[in-house]
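Each of the next two complexes has chain A plus one more chain, namely chain B in the first and chain C in the second.
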Partner chain A sequence: MTSSSLDRITSYQAVMFITNFIFGAGILTLPRTTTEKIKTPDSWIAIIVSGLIITLVAVIILKLCQRYPDETFYQFNQKLLGKWIGSLLSLTVICYYIALSAYEVRTMAETTRLFLLQGTPTWAIMMPFLWIGLYLVQGGVNAIARLLEIIFPISVLFFLLVMFLGIELFEVDNLRPVLGSGVKPVLKGVTSSSLSFAGFEILLFIYMFMKEKNKVTKVPLLGVGIPFIFYTMTVVIVIGSISVDVVLSQTWPVLTFIRSFEITGLLFERFDSLILVIWIMQIFATYVIALFIATLGLNQIFSKSTHAFIYSLIPLIYLVSMIPKNINEVFKMADMISNFSLYLFFIMPLVLFIISKVKERKYEKM
Partner chain B sequence: MKWRKLNKSQMKIEESAKKAKQDKQPFQESINEMTGNLTADLNLIRKEIGHNSDVTFREFQMGTTGIRIAIIFIDGFADADVINNHILVDFMSASPKETGHPLKNSSLKEYIKNQALSVSGLNEIRTLKDITSGVMFGSIAILVDGLEDVFLVGGAKVKTRNIDEPPTESLVRGPRVGFIENLKDNTALLRRHGKDQNLSIISSQVGERSKKELVIIYMKDIVDPHLLEEVKQRISKIKIDDVHDSSYIEQLIEDNFLSPFPQVQSTERPDRVMGALMEGRVALLLDGSPFALIVPVTFHMLLQSPEDYYERWMAATLIRILRYFSAFISLFVPSLYIAFISFHPGLIPTKLIFSIAATREGVPFPPLIEALIMEVSIEVLREAGLRLPKPIGQSIGIVGGLVIGEAAVQAGIVSPIMVIVVAVTAISSFTLPQYNVGVALRILRFASMLFASVFGLYGVVLFFLLLCSHLVRLKSFGIPYVSPAVSFRLSDWKDFMIRVPLFLMKRRPKLLHPKDSVRKR
Partner chain C sequence: MFKKILSLIPDYIIFLQAFITFLVPLGFYKFFKWIHSLEKE
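This part shows the complex of A and B:
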């Protein structure tokens, strides 16, 4: 009972946090977003390259966190950058997470409207979803961690199962030629495919809650590694099955792929709506984590611990999520958010890491 | 006006309270001690409890000494055997003459205590209050002329039933014993079942007016001391005038009264209690209730049966998986039916949807109404069968289940598929080994049907997320309700879905933070 009152998570749960946060609505469009710039079947190479880069960044974040084992990013950035700049940065991060959760919720609503509930208004789809998230986040970091542990195996196993059901469509020819137009297009695609890994920065906030802080290097490795394998597999299977041209022309290439085969003799014949239903749980996980991090930030900046912030964030997220008028604007919003995350979480941790190193040197000299 | 009235009535209440206080003052003083004058003392006691028809006063003389003695007891409640064969025989044949001279008060008392009275439990008391309460709880009060001390002997002898197999938790294989209503017998059962010197049974009282004995049972060297402290604290906070059954205690100490899930396990089986104690849990037994309470409990423990350990491991594992499966069915099948039929018929294989559509052709209601009609009527049937005597209950089942179901299909009110769905749901909910979990799932089934009828499959997922969100937040005495499913710990998973062979279960579940984590074998 002593350990539970402190609200700690195990390192396995920390891995769940990272993995579930990286997953999200993004995977449904992943083959298209990575291929758009490359325009050759080589996007899986781009995914591998960017996965390795991301793992490196994640390890740097871990090293940064290890300097401040009992504080979150919101607290230690004030030490590094001063009170005002630090608070400003924290507020920016909070805005980012509000926008991110709004985007996730909106994408969920759009896909649900498209595949499951034609004619149901968007707000009616979003409302209960938002409320359930509100209820969960009040339970704190432990409750969220446990939910992630429940959701993760269900959704991932189901996704894998469905992917492999369509393996008969797979043709190696669709993936050839490997590096047919050279390395250049792949390098161009690395940026966009790196963005699909956005979410690994969660380590900045949850490191404080971790129980065992000794052998933690495996946490970023596993946390990024699971989505890494998963992404590579998805891209290879989808592009290998329905070819680059089809992938580029479809809004939801993964769903298109799943729709293109039927398995007779099972309880279900078509799986696209089913996979969407299962994946709603993953989107829920991403939304809840973003909401939690935003609330945590507000609590820590204003050093108050109330539920008032969660209640005020929900209508805000709703409003932000209703800004895009149609699905294309939602995708534009996604682009904006991910470009923003590039500066925020790829470059900033490096800068902070260098600053902390410099400060340490100074301290040693004095 | 209203305010004024309220004020007046309030003042009245205060006044009457004051009066009562003043009345009480002299009364409290009158709880004086016994004088040693038998006639006066008896009159005092008569005034207090003599109006009860079952209070018996019996006066006689001590042997040949001529010392007057009176015993007071409740007819039928106090142990008649003790009165007839011990008290009366002992006193009437007593001959304290051997000392030679008339007995002084102090030596008379010693003589009675040490030589005359042949009973094991003996209390000496003086105040009127102690005497009356003692007599009322079934003891026998012995007043001796010339002695200020009153002896209180024996306890109530309650008629108890035999130790049978509990009807709510019958097993194919396993001990056929269950708790009964008498606390002493129950604790003795436990001691016999678990021959461990560390088995601790400590007693406390609950109830403001009618004070009942509640015992806390645990293994001294296994239980987590924080857990024990928490249990004691919650019990000490109970403020209620009377507890009729241990279920009162359950409701007063549970964590979240808004949750549909039971957060305290109740059982009639001593072997189950022993198993729980060996894992480091705490059990509570209330006098007068055959149901022991076990805390903390997790959802997984509620789906376990003691038989999981009595059967060999393969069978036990399969049965456990089956139980989870049937819990899933009883919770989600009606809502999935509604979702698929009214929102996503395209997801079902074409042949199946044609046959379903054909059977639903004449049905005038949407799937939700259809499902509600059948679900509610089966709940009504279940409730009706429960309260009636057994033979009639069975015939209700036949009439309700077969006749009404068949007739409803014939009349075109519901489709045959719906009848199948409802029947499968009801039967799977019977596989759950604990009744109150079944009830929780029954409540939630209706909620999930509503979600499904509004949002289709998306609604089912929403309901699942809501359910999970609730479950992960819920705790029973500090232990997460969803463990050991999550937080993942390999050693605890040995006794989760798969029940590994007994020789591999070397450690107690870590989720309960036991002091001594190694099972001694």
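This part shows the complex of A and C:
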């Protein structure tokens, strides 16, 4: 899997990669996960703060990638950390992406079983999903990018439409008092809300495939900016409509909000099934990107055929996704994955950037 | 610790399903590869 002339993506497609990867199943539980630690209606402030921090980290990642324009993270980390430590780090990242794709597939199966296909066995929902993803990843980065371009406007349009249809439930009082318990709870919630932006690190892997490498400053800004606006809006509308107490007691607060209103006179009266069908595409996008990055890593570390890795990862992802025995264990798995990503992708790019700077200065002196 | 790891291992049926997950797309891949090879001949 090299960056051949055919396998190139535009800046817009790179933005689609980042945005679609940050979205995923996380948005359905976002109001609860951010409010759990804060326990006040101020989680929207925590999201704004964490969004700004993430944008800064994304810009650092971009600066790091600009030093190695024709290599992915799997290749340049070996230059910075040495072959063995670099390979070990790459394998850790691959394991992370396998776990992430397994989590996404399992969440999709759980929500589908709960809201759309009651009684259908989990394997029957998951297997076709895994196979279609495999077929897409075989097409390479360009095929994925083109699919993301189709998925993004559809899912965003429907999501916005459904969110604003329920706006009559919105009460500003549910969001008051602003900073009633001070700044401390908000700062506590910054970590958990930062985790909802996990996925911005994709730039480490797709930078190599970009066509116009001189026009990339907007890529991390837009890539993180779009989910940032979306997340803030979702949290404000959901908490403002169903209040903090209800948000904390619900497994899928966004779906609960969508279920809590009916619009008569339109083609549909209830929108939970519609939004779930649309959002499955978004979960599919996250799964496919994670599978692609894991395959890319194995391909670049072991220099073997991509096909063999794609086919062998599918049963592995299935096995990992079936480890949690119930929905609570799925959420525990999500917590573990997101905590792991905090150490892996928030701290590591900074360390690598510092090492590359130090190495550059060393060479300059020599 | 060992018990904890053992408890994470899924049932044999999950392994069987994982094998099917691997076998079906591989079967399709081999089949279409064979068809393409016939076309070339």
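In the analysis below, the second predicted complex is superposed on the first by the 359 of 366 C-alpha atoms of A that agree within 3 Å, B and C clash if a C-alpha of one lies under 4 Å from a C-alpha of the other, contacts with A are read in each partner's own complex, and residues count from 1 in each chain.
Everything below uses one rule, namely that a residue touches a chain if its C-beta (ideal position, glycine included) is under 8 Å from a C-beta of that chain, and two chains touch if they have at least 3 such contacts.
Note that the coordinates shown come from a computational prediction; the quantities given were computed from them, not determined experimentally.
Q: With the two structures laid over each other on chain A, which partner does A:347 touch: chain B (first), chain C (second), both, or neither?
A: neither
Q: Could you look at A:322 and tell me whether it touches chain B, chain C, both or neither (first, second, both, neither)?
A: second
Q: If we overlay the two complexes on their shared chain A, which of chain B and chain C does A:336 touch? Say first, second, both or neither.
A: Neither partner.
Q: Comparing chain B against chain C, which has contacts with more of the residues in chain A?
A: Looking at chain B versus chain C, the one contacting more residues of chain A is B.
Q: Examine A:264 and indicate which partner it touches, taking first as chain B and second as chain C; both and neither are also allowed.
A: A:264: touches chain B, not chain C.
Q: Who does A:161 touch here: chain B (first), chain C (second), both, or neither?
A: After superposition on chain A, A:161 lies in contact with neither partner.
Q: Show which residues of chain A both chain B and chain C reach, each in its own complex.
A: 135
Q: Taking the touch rule as given, give the residues of chain B at its contact with chain A in the complex, in rising order.
A: That would be residues 224, 226-227, 230, 343-344, 346-350, 455-458, 460-462, 464-466, 468-470, 472-473, 475, 478-480, 482, 485-488, 513 of chain B.
Q: Which of the residues in chain A end up touching chain C in this complex?
A: Answer in residue numbers: 123, 127, 130-131, 134-135, 307, 311-312, 314-316, 318-319, 322-323.
Q: Along chain A, where are the residues that touch chain B in the complex?
A: Answer in residue numbers: 1-5, 9-10, 12-13, 112, 116-117, 120, 125, 128-129, 132, 135-136, 138-139, 142-147, 149-151, 264, 266-270, 273-274, 277-278, 280-281, 284.
Q: Looking at the complex, which residues from chain C come into contact with chain A?
A: On the chain C side, the touching residues are 8, 10, 14-15, 17-22, 24-26, 29.
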